[in-house]
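Note that chain A is present in both complexes that follow, paired respectively with chain B and with chain C.
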Partner chain A sequence: MKTIEDIPDRQLLLFKSCMVGQEYPGVETSTRYVFDRLGVDYCINDEQSCCTGIGHYTDIFEGLTTTAIAARNFAVAKRCGYPNITCLCSTCYAINKEACEVLNTNTEIREKVNSIFREQGLEDLVYEKDDMNVRTNFYHAVEILLSKANKIQEQKKFDFSGVKVAAHHACHYYKVKYLDVLGNPENPQLIDTIAAACGADMVRWYEDRTLTCGMGFSQLHLNKNTSLQVTKKKLDSLQKAGVELMIHMCPNCHIQYDRYQPVIEKEFGVKYDMVHMNIAQFVALSMGADPYKVCGFQTHSVPLEGFLEKYCQ
Partner chain B sequence: MNAALDKTAVFICHCSGNISEHIDINYLKKTLQAEGVPVFDYEYLCSREGQTLIKNKISEGNLDRIVIGSCTPSKHGTLFKKCIQEAGLNRAMLEIANLREHCAWVHPDKAEATEKAISLLRGKLRRLENIEPLEEIKVDIAPQALVIGGGIAGITAAVNLADNGISTYLVEKDSSIGGNMAKIGKVFSPDKLAEECAMCSLSPLMNEVVVNPKITLLTWTEVDRLSGSAGNFTVRLRKKPRYVQDKCTGCGRCSHVCPVLVENEFNCGHMDKKAISLRFSQSVPKTYCIDPDHCLQLNGETCGKCAEACKSGAIDFSQKEEIIDLNVGAIIVATGFDEYDASQKPQYGYGIFKNVMTQMELARMLGINGPTKGTLLKPSDFSMACEAIRSSTGTCGNKNSSDNPSDNSNGTGTPKRIVMIQCVGSRDEKEGGNRYCSRYCCMAALKHSSLILKKYPDTEITICYIDLRALGFYENYYRAVQDMGVNFVRGRPAEIVEKPDKSLVVRIEDTLDQRIKEIPADLVVLSAAMIPSRGTRKIASVLNLSQDESGFLKERHSKLKPVDSSLDGIFVCGTAQSPKDVTDTISQAGLAAVRGRAFIADSPKALVNEIPTIDQLLCTQCKECLKCPFDAFSLKENGKIVVDPLVCTGCGYCTELCQNGAIQIASFMKTQLKAEIEGILKEGDLLGFVNSGIASLTCDNIGNSVLSYPSNVKLIKVPTNLVVDKDLLLHAFKCGASSVLFIEDPPDSPKAEVIYPLTVSHFEKLKKEMGDSGSRLYFKKAYVPNTKGLAGTFTSLAREGEMIK
Partner chain C sequence: MMPYVNEYDTPECKTLAETAKKSIRTPDSLGLDRCIQCGACTASCPAARFTDYSPRHIVKKVLEDDRSVLESEMIWSCFYCYSCNLRCPRNNSPVTIVQVLRQMAINEGIGVEKLAYFLEIGEYLAENGASKIPGPGVKNMERDLGEHWIKFKKNLESIRVELGLSSRDIRNTHGEVQAILEGTGYFEREKWLKAKIQEKRLHQLLKNQCVKKEDKSGDFSFENDRGYTGQAALII
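And now, the complex of A and B:
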C-alpha cells in the first residue's frame, strides 16, 4: 500500500499520453503549469512512445509487443535520469506498472523481449530484472498533486466554495492494481481531497459512485449502446445529486463524459447540467491559469463558458 | 585426575539401545576408569530403578559431583536434578552430557560416536571441577489479582478467581460493569434453538461481583501505569469522580429532574439519556454518575436540581479524582472489542443513509431496555415513533414501565424487508478491512433474523453472505433459521442505493447463479467486524504487551498457552485476545482465572537461578549494566548494583556491558565454559555455542529427524551467545577449534525480539575484534523445523575444518 510520504517530487518523467495529447492537450499543459508552480522536478522526453494501452485493450497490440514497448520506455526514463514514470492517463499507469511486473517476474518473456532488442542491435534497451521497481517507479500525476495539496491550498487564487463537485476515480488506477493505491480503493478520496483543497464543495457519496465511466475501450465501439447506457446511468445519478462539476483523472473517462454527454442528451432525449474537467485543469484554474491558453477548455465538447462566468470572475 | 573430582562418578544410560547400540559403552567405561573416574551404566536411568542406583551410589561412595550421560537434558534434566537433590546434593553438582541427540543419533560410525561421547563426558567432568553450589532464589508473590475490564470476560475471570480464594480487584472504565454483553438483548445458545435473555444470565453474575467479599469492584476507573515485575506488580489506577456518593439508592429522582439530555453511548448514540444517569437500568453498582462534560452545575451554571431531588444527600459536586496504587501478583486483561467503523465502506452508506445500521445497533433496538424498548423500527421514522414510545413509558432510561411496547406498533415505521450484509470489514483484504473472520457475526445475523421473525412473522429477511460459519452445534440453529424462511444469497453486495422515500436497494451478484440482483430493503443491517477496543489498544501500550497485526493481544502460544500474554504473570481472555462469542469468552476467562491463580499459588516462586552474579569487589558502579534491555539491574541506596531475578531473562548481555568483568552468569561462568572447551575440543573440531532456547531444541531435533553430521562438531549450551567473549574464543581456537559457530534463537518471541539483535551485533563486534581469526567465526539463526538446514551448516563447516587440519 502506498503512503503519501512515499510520493516523490523529484526525477519525474511526465509520461505523455496519446489520448491527452490528441483530445485534451490542456490536461498536459495544466499539469506542467501546476508542477512548475509547486517546484516539482520533472521532464518530458520526446523519445518516449505511446504505452499502446488503447491498442492493447482493443486487441490490436498483443501482450508481448506492449511489454517490449514498455521496456523501451523504461530505458528512455532511466537514460535521461528521470526514472519515476508519472502518468497523465490511468491506462498508461496500469500498462506500465503491469509490464514492469511481467518483466521482473517472468524470465521467459524478459528474455524474449531482450532477444528482440539484441537482434535489432538495440542493446541499450535491454531490460535487466529489477531495473525498475513496480512499487516505487510508477505514479499517476494525481498522486503528486495530492502530496502537494497543502501547497495548492496556499497558492490558490480562486475559491470554488459553493460549487457542487463530484469525483470520478479512474478504474485503471484504482481497480487494476488495487493493493498498491493511495488510500482505501473502495473509498477513493484522491480527487476529493485535492478539489477540497481548492475550496470545492465535494459530494461525499452519490449513487453509482463506484461504477465505471462506461467506455470499456472496445466496448464503446463494438457495444456502443451498452457503453452509453452505463454512462447515462452515471450522468443520471450525478444530475440527481445536483452536481455542477464532475472531475476525473483519466482522459478515457474525460472523453466518455465530455464528448458523449451531448450524444446521450440527443439520443436519449435528456438534458444534463454538469460540466467536466480533469483534476489538473481544475487545480490550474484555481491557481489562476488561463482557461484557454493553459487549461485548453476550447477543446471540450460540453462548453464551460457558463461555469467560468459564474465562478471565475 | 583432578583432586576436586575424587568423589565424582559418571552414570551412563543405555536408553534401551538408543545409546548403547551406537556407542561402545565398555570401551568408554574402560577409558574413563583408567583416568580414575568410576563409571556406572544402566538400561534406563530415567526409571525408578535407575534413579535408585544413582542415589545408592551417591550414599555408598559419599559422592559429591555427578555426570550423567543420557538423552538431552531438556527431556529428563529436571528429573535427574531432583534425584540428586533427594540424595542430598546441590542441583548444581550435576552435569548432563547429551549422548543421544548430540552423539548416538547423529554419528553413524560407532568408533567416532564413542570417541565423541568420551570427549563430551570429559568436558562435563572438567566443568564440575569449578562448580559452586547454587542457592535457590525464591520470591513471595502478592496474593491478590487484578482483572482489567468488566465485561463478561472480566466478570467471569474475577468470580472464578474469588471462588478459588484469591482476593481480586475488578477495574472497569465505564460507570457500570456489563460490557458489550449487557447491550445485547438476547444471546444465541449452542444447544438450544432458542435465544436466551442476555441480562438474565449476566445480571446474577454482576450481582455476584458486588456481594463476593473477595472481589473489590472499581468502576469509572482506568489503569494508568504498571511497574514492578511478575508476581509483584504495582498498578496505578485513576478513579474518576462520579459526583454521586456510594449512599445513592438508585431511586432515579435525580435523573427525572435533570434538564440535560445527552448522547447515550450504551444505546449506540441515541439522545435518550440525562446528564445524571445509570449506564443502564440494571447497572452494577447501582450508583448514578454525572457526565462532567454536560452537567450544568459542573460547567459553571446554576442548576443543582439533582441535589435538591436526592433524598439521601448523595450528590457531591466536590468529588475529586482519586489515584489508587495496587500491589498484585497477577493481572488478567479482559478489555474487549469495539465494532468496526462501517463508514469505512461508503458503498454501504453507513452514516450516510438513515436506514443502514449495524448488528450491535439492531441488538440494542431489539433489547427491551433499548432506545425503542424492543420495538423494531426504521431509523428514518425513528424520532417520530420513538417520541410516541417515550411519552407512553415516561422518561428515558430508568423507569420501568408496565406498558408492552410491541403493542404500540401499528405498522408505521416497521421495516418489512430487511437485508443483512455479512463480513463488513471482516475477511476483507482491502485497505481499511480486516483479513480475519470475526467469528460471531454469522450467528448474530441468524439470531436477529430468528428474533425478528418470531415477533414480526411477515418480515422478509435476506442474509448476504460469503460463507456461513455456524460451527459445531450451531449448525442446528442455522438449519432452524433456514426453515423459518430466511433467504440466503451468496455474494458480497457491491453497493446500496437510497431511494427518495429512504428505502434502500442492495445491489449484489448472487455468486451461486451468477446473476446481478437488486434486493429492495426497508432496513439494511451490516454485520461489522470485531476489532480490538480502544481500551485493549491502550492497555497493550500501558502494560507493554505484544499485539498481533490487527491489535489484538497476542497469546504466548496459540495452542499450549492460549491465555498467557507475552509477559509473565499477565493473562488475557475474551475478545481482547481474538474475536469470539460469549460462550468461547466464558470458557477462556475461566482458563485465564485458573492460570492467574496457579501463578499466585506458586508462592514463594523458585526462579531460574542461572542469572547474573555480581562480584561486588570488581564492580565500580559504572552503571553500564543499567542498560539492560529488560531493566533487571538497579543501583541500591547502599551503592550496590543488584539484579531483579523476576525480571532477568539470563540472556547475558550484562556480561558484555560490564567492562570490569564483575558480572557473570551463574552456571555459565567463564571458568566453567573454558573448562568445558578444554574437555571436549580436539584439533580441527567445529565448536558450536548453542542458545539454550529454540536453538538448543533445533540441535536436539537433528537427532530426532534421523539426520547426521560429522562427529567433530561439538556443541556447548549457553544462555545466549552474549556470554561468549573474545577471551573464550581465543581459548577455543587455542584448544584446536577450526571454527566457532553461534547458533541463536530467531526473533520470534517478544523476549527474542529484544535479544536477537543484540546477539547479531555482539557477533559482528567479535568478528572485528578477532582480526584474522574473525573469518573463522560464523552465525546461524535456528528455526525448530529447519533441522536439515542446521545439519547442513554443521557438515559444511566441519568439512572445512577437516581440510584445514
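And now, the complex of A and C:
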C-alpha cells in the first residue's frame, strides 16, 4: 500500500488528459493554480501523447500498441527530468501503471516494443527494465492534493462549512491497481479528506458509493440505456442524501455526471438539485481562484451560478 | 479473408483459460483457476444489475472451455469498471478476461461492427497525439446535450485561451506516435477491421433480402441470452 509519506511534490510530470483538454480544460488550470500555490514542482510537456485509454477500453487498440505508446511517454517523462507521472484522469493513471508493470515483468513484450522502436529509428525511446517503478513513479493529482491537505486548509479563502458535499472516487484509480491506493480501496476517502480541509460538510456514506459513474467507455455510446440507468441510480441516491455538490476526480465521470444529468432529468422525468466539480476545481475555488478564468465553470452543463452566488460571495 | 490475430492479446493456446492467462491484458497473478464461483463479481457488477450479464457465468464458460461464449452478446455489456477485479476474493479478474474474450471474438469477425463507431480514434491519435470523442459519439452528444453543448464546443478554443492554455490540445510527438502505430501493426489491423465490417454489412444486407431470419444466438446457458440481442447502437 502507498502511504501519504510516499507522495512526492517534486519532479511531477502533470500528465495532460485528452478529455480534460476537450471538455473541462478548467480542471487542468485549476490543478496548476493549486500546485503553484502549494509549491509543487511540476512540468507539463506537449511531447506527451494520449495514453490510448479511450481506444484501449473501446477494444480498438491492442495491448502491444498501448504498451509501446506508454513506453514512449515514459521516455518523455524521464528525458525532461520529471519522471513522476501525475495524472488528471484515472484511466491515464491505470493505463500507465499497467503498461509499466508489463514492461518491467514481461521480457518478451519489452523486447518486442524495443525492437519496434529500433526498426522505426526511435532508439532514444528504448525502455530498459525498471526504467520506471510501478509503485513510485505513478500518481493521480488527487494524491498530491491529499498530501497537502493541511496546507490547503491554511490557505483557503472561502470556507464551505455547511455545504453538503459527496465524493465519487474514480474506478480506474482504486479498482484496477487496488493494492496501490492511498487508504482502503473498499472505502476510499481521498476526496472526502481534501474537501473537508476546505470546510465542506461531507456525506461520508451514501447508497452505491462505489458504483461506477456509468460511462463504461463503449457503453455510453452502444448501450446508452444501461449506461444512463447506472448514472441515474447514483444521482438518485445523492439526491436522497441531500447532496448539493458532487466532487469527482476523472473527466470521464465528469462528462457522465455533469453533461448527462440534464439528459437523465429529461429522459426519466426526474429533477436533481446537485452541481458537479472536479476536486482540483473545488480546491482552487476555495483558495480564491476565479470561477471562470481559472476553474473554467463556463464549460459545465449543470450551471454553477446559483452555487457560487450562495457560497462564494 | 485471412483472420488477423493479435498474438499478445490473444496468444494461441489449447484452451480459453490458457489464452486468458497468457494475454497481455490480464495480470500475471490472475486467479482464474482459483475461481470458486462465489458470485462476488456479479454482485458488484453494474451491468449485472441492469442487464442479464453475469461475470461469474462468463468465467464459468471460460473454465469449461466453452467457445460459444465468444458469440454471446453478453461479453459486450461489461463497463470495464473493474469492480469485480477489486472484489474477487481469489484475485481473479473477470473484467480483464472479458477484454481477452472480446479480442478473440474480434479475431473471428464477431462484434466487429461495434468497433466501427470508434475506429477513427487511431488515425486521430497518430495525427494529433491526442484522442477525441469519435465522430458518431459527437453526433449522439449533440443530439442528447443540445444547443448548450454545441455552443460550448464552438467556443472551446477561445475558452482555452481565456484560461491561459493553447487554443487546441495538440501534442508535439514528432511523428513518433504515427511510427509506433505503424510498427505495432495497428494500421494493418485497422485495415482488416474495416474490410471485415464492410463484408459483414454486405452479408447482412444479402441475408435480409433472401434468407429467412435464423436465430443465431444459440443456447449458451445464459438464461436469457436467446432473446438478448444487445441494445441497438444509436448510430453506426
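As a convention for this text, the second predicted complex is superposed on the first by the 313 of 313 C-alpha atoms of A that agree within 3 Å, B and C clash if a C-alpha of one lies under 4 Å from a C-alpha of the other, contacts with A are read in each partner's own complex, and residues count from 1 in each chain.
Heads up, the rule we're going with is that a residue touches a chain if its C-beta (ideal position, glycine included) is under 8 Å from a C-beta of that chain, and two chains touch if they have at least 3 such contacts.
Remember, predicted model here, so these are calculated numbers, not experimental data.
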{"item": "First (chain B), second (chain C), both or neither touched by A:G199", "value": "neither"}
{"item": "Which superposed partner A:M1 touches (first chain B, second chain C, both, neither)", "value": "first"}
{"item": "Partner chain(s) touched by A:E207 [first = chain B, second = chain C, both, neither]", "value": "first"}
{"item": "Which superposed partner A:G183 touches (first chain B, second chain C, both, neither)", "value": "first"}
{"item": "Chain B versus chain C as contact partner of A:G288, first or second or both or neither", "value": "neither"}
{"item": "Touched partner set for A:C50, first chain B, second chain C, both or neither", "value": "second"}
{"item": "Chain A: partner with more touched residues, chain B or chain C", "value": "C"}
{"item": "Where chain A meets both chain C and chain B, residue numbers", "value": "178, 185-186, 210"}
{"item": "Chain B contact footprint on chain A (complex, rising order)", "value": "1, 178-179, 181, 183-187, 204-205, 207-210"}
{"item": "In the complex, chain C residues that touch chain A", "value": "6, 8-9, 23-25, 27-28, 46-47, 49-51, 76-83, 85-86, 99, 102-103, 106, 114-115, 117-119, 121-122, 125, 129-133, 136-137, 140-141, 144-145, 148-149, 152, 156, 159-160, 162-165, 169, 171-174, 176-177, 179-186, 189, 230-231, 233-234"}
{"item": "Chain C contact footprint on chain A (complex, rising order)", "value": "16, 18, 21-22, 25-26, 28-29, 46-50, 52-55, 57-65, 67-69, 72, 101-102, 105-106, 109, 112, 116-117, 119-122, 125, 171-172, 174-176, 178, 185-186, 210-212, 214-219, 221-227, 229-230, 233, 259-260, 262-263, 292-294, 296, 298-299, 301"}
{"item": "Residues of chain B defined as touching chain A within the complex", "value": "344-347, 349, 352, 429-432, 494-495, 497-498"}
